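Below: one structure in structure tokens.
Going in written order, the chains are labelled A, B, C, D, E and F, and every chain counts its residues from 1.
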Amino acid sequence: MTSKKAIETLAITTKIVLPNDTNTMGNLFGGQLLAWMDVIASVAAHRHCRRTVVTAAVNNVSFAQAITQSSIVTLEAKVSRAFYSSMEIFIDVFVEDPSSGKKRKCNEAIYTFVAVDQYGGAIQVPESIPESPEEISRYEGALRRKQLSLILAGKMKPNDATELKALFFEEKK
Amino acid sequence: MTSKKAIETLAITTKIVLPNDTNTMGNLFGGQLLAWMDVIASVAAHRHCRRTVVTAAVNNVSFAQAITQSSIVTLEAKVSRAFYSSMEIFIDVFVEDPSSGKKRKCNEAIYTFVAVDQYGGAIQVPESIPESPEEISRYEGALRRKQLSLILAGKMKPNDATELKALFFEEKK
Amino acid sequence: MTSKKAIETLAITTKIVLPNDTNTMGNLFGGQLLAWMDVIASVAAHRHCRRTVVTAAVNNVSFAQAITQSSIVTLEAKVSRAFYSSMEIFIDVFVEDPSSGKKRKCNEAIYTFVAVDQYGGAIQVPESIPESPEEISRYEGALRRKQLSLILAGKMKPNDATELKALFFEEKK
Amino acid sequence: MTSKKAIETLAITTKIVLPNDTNTMGNLFGGQLLAWMDVIASVAAHRHCRRTVVTAAVNNVSFAQAITQSSIVTLEAKVSRAFYSSMEIFIDVFVEDPSSGKKRKCNEAIYTFVAVDQYGGAIQVPESIPESPEEISRYEGALRRKQLSLILAGKMKPNDATELKALFFEEKK
Amino acid sequence: MTSKKAIETLAITTKIVLPNDTNTMGNLFGGQLLAWMDVIASVAAHRHCRRTVVTAAVNNVSFAQAITQSSIVTLEAKVSRAFYSSMEIFIDVFVEDPSSGKKRKCNEAIYTFVAVDQYGGAIQVPESIPESPEEISRYEGALRRKQLSLILAGKMKPNDATELKALFFEEKK
Amino acid sequence: MTSKKAIETLAITTKIVLPNDTNTMGNLFGGQLLAWMDVIASVAAHRHCRRTVVTAAVNNVSFAQAITQSSIVTLEAKVSRAFYSSMEIFIDVFVEDPSSGKKRKCNEAIYTFVAVDQYGGAIQVPESIPESPEEISRYEGALRRKQLSLILAGKMKPNDATELKALFFEEKK
């Protein structure tokens, strides 16, 4: 099973925000953006492992800035790290200024997908190779996030989450 | 500003999974479920504060079990805790067995919404009153989750996250 | 075949009226509401008999009051009476006042569904047990409505429609 | 206000039944057909009065025959009679046999629309002129149906519904 | 294989332009109209040959006039000429004036469909018989358009396109 | 008004073919692909001129190869040449092999967009600068295609279409 570079999984999609995508404030619905992110993240996950992939978790999404109707929105998804059968994917969301064309990042999300066989059983995926500084930083954070979600799900004891614990003990010193 | 009981914010919606809601495995798309959860969570948040609400974050969603086409899916959303202008909402997802009619819980998600005025500025919301054991347990966990998301966003020092730190130190003793 | 209480069939769904659901007056399209009612009524019918159900007729729907964009609309469907293989379902539609949260009933509809086997042939369904005064009144009216629709379809002679005829003769006395 | 011939209001639409329009039996959803009928009926009503029209009631629809996926479905709507501000519209639904191309009628529905001004208030519409035998028969039945729906809504006493009563008394003789 | 008259393939559909069909100018999206034209053209092609048909090409569409939201739009499609396994279809698009009801033609498009067997292989279709002056003129132009598209696709030498060449040489004389 | 390089207008979108996007053969509907191409082409046109753009024409699209359900489809749009107020856009459509991930080009289309002011009037756009061999070849062909469409629309005499005529006279020599 050949390892895959993060960049090989990059999936891009560009959308125009239509009236039906907006809430009463005239801004893009959170739920619509979540659905768009899921589709493009599944493409990135598929490009990593070339198998059927299913959404396993949405780890963290924040909607810091409103996106107005008619905006041109670009979503970029890339596998940040692969575990045995799961892949963590970062999705960066950019909005283009209509006059200058400058892209401004307005959202970031982390989804987890799992590769499955035809019966829905989890199967192994290739390793992920980060290259750019951002890819490396996200790769390293992935383990911490995995431990955190295992603790929150009651599947790991906080004491075993060495990566995560470091966060608190460094400060204590 | 009168406090609201958690139960007063309960919002329910029932869906049938249509062909276009499914992935290549014939199961409900994660992205479609995320969008459904966002809409019903926004109703619960609206019922808490009776103001315009916008999605602020998706804190945690896990897709443990596949939901097949034609399933009857029920989503129940309830405000678990209110902070100054934000509300944490739990969404429980149930699927009905077609023959016995038994409802089986198959997903759980936590979203955060913010109440805004007509300019999009955050405004204060009423306090939330939990009553049932589950409501109380979710109310208490909400502070821990809020601290965690502030730390992950770099807006709080781990050392100040007293609620969260307890998780690690209890074990150390 | 065990009888079912009306209340066991109750199906609830809550929607937000989006731009694409509205007509040129900015109000919810009749056709969209008809489609929503059909889905939730089919859930109630399914809960009654736990078999595949198909729409057989829409007996009466009136759109007394306009429902504006962004409204929170709740539909409640319940089997009012079961005949051999058909079920009459009442759908009540409520709109919430955005400020006070008061629910106001704005529509009422009656649909008929039929339970079918895998070849589409009609099959028997359990009896329906009304309990509340409203359930009992709707249960009793169902026979009258069935006779009426049989007459209108030319499948029953007016003279045999004893329940319905009573309507006219009572007055004559 | 010039009277309109029924034929001048004829509105036709042809659809192909897509996967998402079907239920678990692979047949066209009742709710989807109801929504299609509403749109084409509103075009017929608009052609009658050239004003904004809104759905007032669905008087009777029966789904006698299933329509399978990929079918070519044609809906024909025509005003059958106009009252002061309301219009009764008949919608006939045809399905084409894929090989022979023969059109077979598979549904019939009656909707009522009301013409409104910009404030939503009911306004007068032109009279309707039926010409063909079918148009005349539907024109005559419209009064009977109007009386029936007024009685069912509790807005008319059965004794005053002269047209409708005739149905029962003719037989009595 | 019996020839088909052009008029026997006429397919009509009427739509109302909804908010989600419009661009930022409040006019019907070109892409939405293209999709509507494809569906109705496929019905005309199907009526010509009574076999499965697939879109082979869009030869020419021009969007001369904007169509505003809430417009009633009627599309009329008719086979203009059949070749061995392909059919050229003209689609005429009309918009109704809301007050006078006058239909004004606002678009014209030419699509090509191919009849296929269950493996997707091209199969022969009946000949097409034009009758009205417009049908005859479109029938004659079809060969010229076919030659043109073959040249543009590099599948025919300009010198062999006798019909098309005439366009240039007539003028030269 | 600064000229724009072709590459600066590149717009990319990636889609997964869902059940509702497919025809009875289980392949992507031509009409759906036309709509997707229109949206991404409008993004490329917008990036060229940073003004509101509307679809003016679809010059040529051929659907050589069927695209099956669940395929990952990528559309790439780029301005090939700008005239006074119009822009010609090439859209290349690629499908990914699920196992190898190899992208195979399966469609090509040419759309024309026009830049408009707030009243819908045509306005001037910057010049386009082609750089790669493919960009240059498409830039040069654009004039020939423009003359062709003017002739077909009856707005130019064949004799004045110097670029296009060359096609026929070269061969004559």
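To be clear about the criterion, a contact is a pair of C-beta atoms (placed from the backbone, for glycine too) under 8 Å apart; a residue touches a chain by one contact, two chains touch by 3 or more.
The model shown is predicted, which means the values in this text are computed figures rather than measured ones.
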Shortest chain-hopping distance from subunit B out to subunit F: 1
Any chain that touches subunit B and subunit A: C, F
Furthest chain, CA centroid comparison against subunit D: A
Subunit F against subunit A, contact positions shared by both copies (same if over half, else different): same
Winner on C-beta contact pairs when B-D is weighed against C-D: C-D
Same-interface partner of A-B, chosen from the options D-E, C-D or B-F, over half of the pairs matching: C-D
Mean-CA-position distance for subunit C and subunit A (Å): 44
Rounded Å distance, subunit B centre to subunit C centre (Cα mean): 32
Separation of mean Cα positions, subunit E and subunit B [Å, integer]: 50
For subunit D, residues contacting two or more additional chains: 19-20, 24, 39, 42
Pairwise chain contacts, counting only pairs that touch as defined: A-B, A-C, A-E, A-F, B-C, B-D, B-F, C-D, C-E, D-E, D-F, E-F
Footprint of subunit B on subunit D - complex, ascending: 19-20, 22, 24
In the complex with subunit B, residue positions of subunit A that touch it: 23-25, 27, 29-32, 34-39, 42, 52, 54-63, 66, 109, 111, 116, 120, 148-149, 151-153, 157-159, 165, 167-168, 171-172
Residues of subunit B defined as touching subunit D within the complex: 18-20, 69-70
List of subunit A residues in touch with subunit F within their complex: 11-16, 39-40, 42-43, 46-47, 50, 72, 96, 98-101
